[in-house]
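Let me begin by presenting the structure, written as structure tokens, before commenting on it.
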Amino acid sequence: MSNIPYILEERPDTGLNNSKLGVWIFLASEVMLFGGLFSAYVFLRIAAPEGDFGYWGSKLNVPMATFNTLLLITSSVTMVMSWASLKLEQFDKYKMYLGITILCGLAFLVVKYFEYTSKFDHGIYPSSSTFMGIYFTLTGLHVLHIIGGLLVLIFFWSKQSDKMWNEDKDLLANRIEITGLYWHFVDLVWIFLFPILYLL
Amino acid sequence: MAGNSKESIEHHIKIYINVFISLAVLTVVTVAVSYLEVSFIEAFFIAITVATIKGSLVLCYFMHLISERQAIIWLLVTTLVAFLILLFIPLISLTDQVGGW
Amino acid sequence: MTEILQYFGLPVGISSVSGRIDEIIVIVHYLMLVLFVGWGIFFIVSLIKFRESKNKKANYKGVESHYSSVLEGAVAVIEIVILFGFAFPIWAERVNDVPDSRDAEYIRVIAQQYAWNIHYPGADGIFGDTKVELVDEQDNPIGLDRNSEFGKDDFYTINQMHIPVDTKIRVDLSSKDVIHNFKLPELRVSQDAIPGMTIPVHFTATSTSKEFLETAVGTKREGKSLEIACAQLCGLGHYRMKGYLTIHEQEDYSAWLEEQAGYLEEEGDDWGDDDDWGDDDW
Amino acid sequence: MSNDHHHEENFIQKYVFSVDHKIIGLQYGITSLLFLLFGFMLMMLMRYQIAYPETVIPYFGEWLFAGSGGVMLPENYNTLGAMHGTIMIFLGVVPLAVGAFGNYLVPLQIGAPDMAFPKLNAASYWSYFVGGVVMMASFFTPEGAARSGWTSYPPLSIFESGQTMWLLGMVFLITSSLLGSMNIIVTIVQLRAPGLTWFRLPFFIWAQLVTSFLLILAFPPLESAAILQLMDRLVGTSFFLPSGLVYAGSPVEAYGSGSPLLWQHLFWFLAHPEVYVLILPAIGIVGEIIANNTRKPLWGYKSLVYAIGFLGFMSFIVWAHHMFLTGMGQSMSAFFQLTTMIISIPSVVVLTAFFISLWGGSIRFNTPMLFALSFLPMFGIGGLTGLPLGVAASDIFLHDTYYVIGHFHYVVAPGTIFALFAGIYYWFPKVTGKRMSETLGKLHFWPSLLFMNGVFMPMFIQGLAGLSRRMYDGGQQYAHASDVLHWNEFMTISAFCLGAAQIPFIVNLIISLAGQKSDDRNPWKSTTIEWSAPSPPLPHVNFDSSVEVNHGPYEYSVPGQDEDYCPQTSP
């Protein structure tokens, strides 16, 4: 609705625009969503017999996960670069960086697919142990977040972005910044998931 | 965020590259440490510290929190407090439980 | 002073803690009453005094004194007194002073859907092992291993709990399936039975079932003895998950124990005769 | 305020898939009122069963419980209990208080054209709608609806049927609440009219702001808990199941180390703040109406704001007082008793401030004011009876008895729901441009007040007798209940009369809607901004002139002025 103020420009006394405040509040609720699962993880780990989590954790594939970590970090930096390119009015670079981000996200999913299926091939399922249960739940929810993010990214990589670029450059930059915040958050979650699931 | 001029963006891009390199290095470090023979407590602190540093880098630079408004900072601090409550109170309750498991 | 609540339905308390628990219930209710009556009087006076037809023009400033802060402070102080003077000590005794088997009559209660299994250690005073694999709902609902070291003289009853009067009782509470709550209303005992956990409960009964029944003469409760209630939704039969509690004089209790030991010798593992499943409608 | 992007909307765009906060607010309002009515009917069936256990339910029995010849079975009773709680809280009161009142009034009271994110707003409503449909549909699945209580404690909820649909429905409802509350926060922070500083905000807005923060931070952990329980039910994990269980005669497969207590922690981390989600908007509404009808400023406005802020924060660290009997040790129980007592202080502050607000006023007794006034003693009873439950020693005896039921129903039913009725009567002229009948309103109020107390007051007596809740036969099995069972019939009759007392309200709504429209924008002579908008406010823009705020929210009877009110927007 065109009559809603502060969609793009900052409100003087708060220094924020609506969508940025909105996405941070959304991220706050996401922190609590993953927070509930983290809390469950720690609770279950403490309640479990000693060494149980460590034993099952050692069955996970660390090199694959390390590679995945690097993929997500890369996608994060290209995400922020694509935003910077928009700010520098370099639309082609924007598309390139966003494309790399999407590819990294897709590669992450592919690696995750191989990780999951190799577990299933070895007869390891969520019902195999508490650790595996929480591992599949946490990473599964994270994968859902990646998929959701990718859908948005693909939308902004599609022809739609050319249209927005021609119509309202600031709006596109704002949308990319917001999407970026979400994407970095998904990366952030993985940064914590990686050590607690794979390394400890 | 403040300072959206061309120069500042170009300056930012240099920061992004540096942050990216630090993140990659820290990832390698944390994986390498996990292959060392250390006690669980040590491994735990190293892993969580490294993850916190990496997370802070992403938050501060990629998500521009370092130059973000007070309101956002307060929102996140509140969330962090709520998260810590959610994390620790059930844990403490485990240690203060009548009867065994 | 606790009698006043008995007019409002509180059952007569017959355990060593019931007096103190009733006391705190009463004290808190007096606090509530004072606050409510205070508010109520202020409320009604304000409504009458300042109705539109009487007071055409409102006073912009209203009440300027800050006596209300005194009220809030007073409530805080009273609550602190209630907590530190009454509530914390009762809780500390409840969870910290659990007697061990030498000082108390030691009983296990294993809750399961719609029945209370009461497991007695027998003459040796030590419980035999119980195993999930041995559970047989007909013949061995608690999975008692008769071949284990202390298991030979153990016996159990279903829905029939017998305890001696004026003796410390320790009940180790656990559950076979879902969460139940072991509640003895007259003894002011209530504790969740949580699967996977064994939670100790302790209490001392101060009068026997017989004495209790005498207090109920002439009331609607006449002739209805003590019961174990389930106070946590545990499934479809929750409402009929009822056990019976009998509090004996010490010598009667010993006689009951001997009688049970006698059954064990006569019938081996067959305990069907002593089962009481309450209103047996399934 | 140009509206050039707007072309003519057809009926569906305008009234069904609308993005106008007013239409969405009304959608929320109508849907949630219907759910409230439905939840109330479930309760009436239960009350009939409690008063006359295992008898054929007249008129409806043969149709509802055909398989058993019209007699309610335990599974029916447990289903009704679980779904009554769920529907009343998650589909009734919260959507009405936050979805309907929040949506409709927040932009109006802060002088904004709409919510900050209109499309998200619509998404929030439709997510709520889908959640409601899933919950309703669960009644018709072969498994039936959930029957493990609204608290869904595992392991029972994992073994019992019907729970999966409940969990799925909850995921939608939580999503809806998150979207809605995010929208409300951004709207309040960003879209305040020029001059509307923080301490010029009406108290209702503060209440909505705190409520929204509670929803944002407390709801997601329940979503994660719901995901874990879904995993337990569908995938075979055992997060909430320890090993060594025997269910219905056969061993349960579980690899151990799961804990039923984990669910209780995650659940009550939401569900205790949820209590304040239910009560804070109500307090906000009551504050508005009391200030308006006493014709004087709300007493202690700032301390009220601080009090509810503090309430909101404290509500995150009191939850384990629901878990005293789970084998909690001394330090944990001491901590939670202490926080529980601390949280009672701001509640006392709020109630006392409202009472003192009456002093020196010129009190008008119209229908909204009657409901708002009765809120005070009713909420007082509800709050005070929380004390013996918050003290662990007395909770030993009162835990899970009818005392608890009486306590929270006093907070929610004659508390929150009365406040919501007050709000409906109060803002109806703004929404429709028409007034509701005072006579019918009073005919609604007095019997409701009487029968509410008739239903809930005896619960304290039954609770003191130790009578447990959630009993299919109302506790007839138990000896200790025999002294208090005779109250059941009285309470059930009261409940049915309470139902009948709502007829004047429904009639009033219909008659008033058909009535004459008035041009008076501000029939209550109120100060807050929404009354300067046309009635009903203009689609998508609300106001027909630009809004600028120069005054605090409750400038009534300012000395030296002729009028006894000074609108926030007046120069």
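First chain written, first letter: the chains are A, B, C and D, and each begins at residue 1.
Operating definition for what follows: a residue touches a chain if its C-beta (ideal position, glycine included) is under 8 Å from a C-beta of that chain, and two chains touch if they have at least 3 such contacts.
Being a predicted model, the structure only gives us computed values, none of them experimental.
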Exercise. Going by C-alpha centres, which chain is most central here?
Worked result: D
Exercise. Hey, how far is the Cα centre of chain A from the one of chain D, in Å?
Worked result: 34
Problem set entry | Whole-Å separation of chain centres (CA-atom averages), chain B against chain C | 47
Exercise. From the C-alpha centre of chain A to that of chain B, how far is it in Å?
Worked result: 15
Seminar exercise, completed: Expected list for chain B, residues touching two or more other chains, is 71, 78-79, 82, 86, 90, 97-99, 101
For this session: Please list all residues of chain C that touch 2 or more other chains.
Result: 95, 196-197, 199
Exercise. Do you know which chain D residues sit against two or more other chains?
Worked result: 189, 217-218, 221, 242, 258-259, 261-262, 265-266, 269, 327-330
Exercise. What is the complete set of touching chain pairs?
Worked result: A-B, A-D, B-C, B-D, C-D
For this session: In the complex, go through chain B and note every residue touching chain C.
Result: 97-101
Exercise. Which of the residues in chain A come into contact with chain B in the complex?
Worked result: 14-16, 20-21, 24-25, 28, 31-32, 35-36, 38-39, 42-43, 46-47, 54, 62, 66, 69-70, 73-74, 76-77, 79-81, 84, 87-88, 180-181, 184-185, 187-188, 191-192, 194-196, 198-200
Problem set entry | Touch list for chain D against partner chain A, complex | 1-5, 19, 112-114, 116-118, 120, 178, 182-183, 185-186, 189-191, 216-225, 227-228, 231, 235-239, 255-259, 262, 265-266, 269, 540-541
Exercise. In their shared complex, at which residues does chain D touch chain B?
Worked result: 189, 213, 217-218, 221, 242, 259, 261-262, 265-266, 269, 316-317, 320, 327-332
Problem set entry | Residues on chain C engaged by chain D in the complex (per definition of touch) | 5, 8-11, 20-21, 24-25, 28-29, 31-32, 35-36, 39-40, 42-43, 46-47, 50-52, 55-63, 68, 71-72, 75-76, 79-80, 82-83, 86-88, 90-92, 94-96, 112-113, 132-133, 135, 137, 143, 176-179, 181, 183, 185-186, 188-192, 194-197, 199, 219-221, 224-227, 229-240, 242, 278-279
